[in-house]
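Labels run A, B and C following the written order; every chain starts at residue 1.
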């Protein structure tokens, strides 16, 4: 049976700031992130089965990513845990959706974080092949399983 | 000499239905498919030759795919052979262009089918590297030769 | 640490002609080229450092490509060295920006040329992973380091 890669695109609006960055990105700002999630597997070969010919039903892939990533990331402000507590407390007074993370929220690190989340959601026979995360229309970072084999 | 990949994009409008699928896609509907065909080879290194510097002339690649895929797929309804004969007969009364195939016409299976068609059209020194088929603006499937080495 | 690929997109307007090509492209014409430069490396893991979490600062990547490629290619006419000298001399009377190159200026060859230029600009720990060069909205060529390992 052939191996096929399937990809679904998503988007979310998120604010971030790069802690101690030496440029304008140290200020709170936002991006219209675009996300592509690519899986690899064998399309089901069971003629007559509802999911015949699918690696994963695009609808299921969509729900999995919406539930585990998009709904958690959309319209939040992602904050590096190194930001002083009093600043975070102040942000929480202004915004209901502050997401404190253990890393600098660069596109590179967010892509890796999304990969870690989604890997746990997939059945064994389907591989999380890659994650592409656009920060802007002209800049993106990619995590590939093949680059990060343990 | 360097190895280079060259890609040409196409599109076609096609109707399909997913036989016995457990969702709205079991009904006849259509997509504006977008297709990317990627070849890999060495650009010709013959200074002064009409095709110098090309893996394959983009014009030839375009003609090859138009003739073997786009012209056969555009404005057809692709139907799984499992669909009962009387239904197919009825469809043929309504539409001149019914394409009965031996598989469930998911994006995954259509991408594989296109790869099988195009592999036979290429000279030995040019590899069909990959096929990307968009079913919608946010969903696509990819066949890669490297994933399907025999 | 994870390995991540980062990509930045650029564009430039360039004229070219394909010397002795057997079609309309032998005439001087232009394209709105789009260029994607992909690097691979480990995001810096130094919490509190200005570049923490980055393979290469997108701003630095942008400057590197603008300086070494875009500024040299934008609004030039790229001419194969095989074009007779008197024709080149005449072109230089008409245009200030004639770029004579040692190859047929196909998308394939220009992508390879850009790769050669950019490889020399990167620090050792960052790999030039790939170059994608669109000649038109539906045609592109790609150079990959993995396809051209020495």
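By definition in this document, a contact is a pair of C-beta atoms (placed from the backbone, for glycine too) under 8 Å apart; a residue touches a chain by one contact, two chains touch by 3 or more.
All of these numbers come straight from a predicted model, not from anything done at the bench.
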item: Fewest hops from chain A to chain C - one hop per pair of touching chains; value: 1
item: Numbering shared by both copies at the chain C-chain B contact, with half separating same from different; value: different
item: Inter-chain centre distance, chain B versus chain C - centres from mean C-alpha coordinates, in Å; value: 29
item: Chain A, residues touching no fewer than two other chains; value: none
item: Parts of chain B lying in touch with chain A, wherever the complex brings them together; value: 18-23, 82, 103-109, 111-112, 135, 137-144, 147-148
item: Touch list for chain B against partner chain C, complex; value: 2-10, 38, 40, 43, 47-55, 57-59
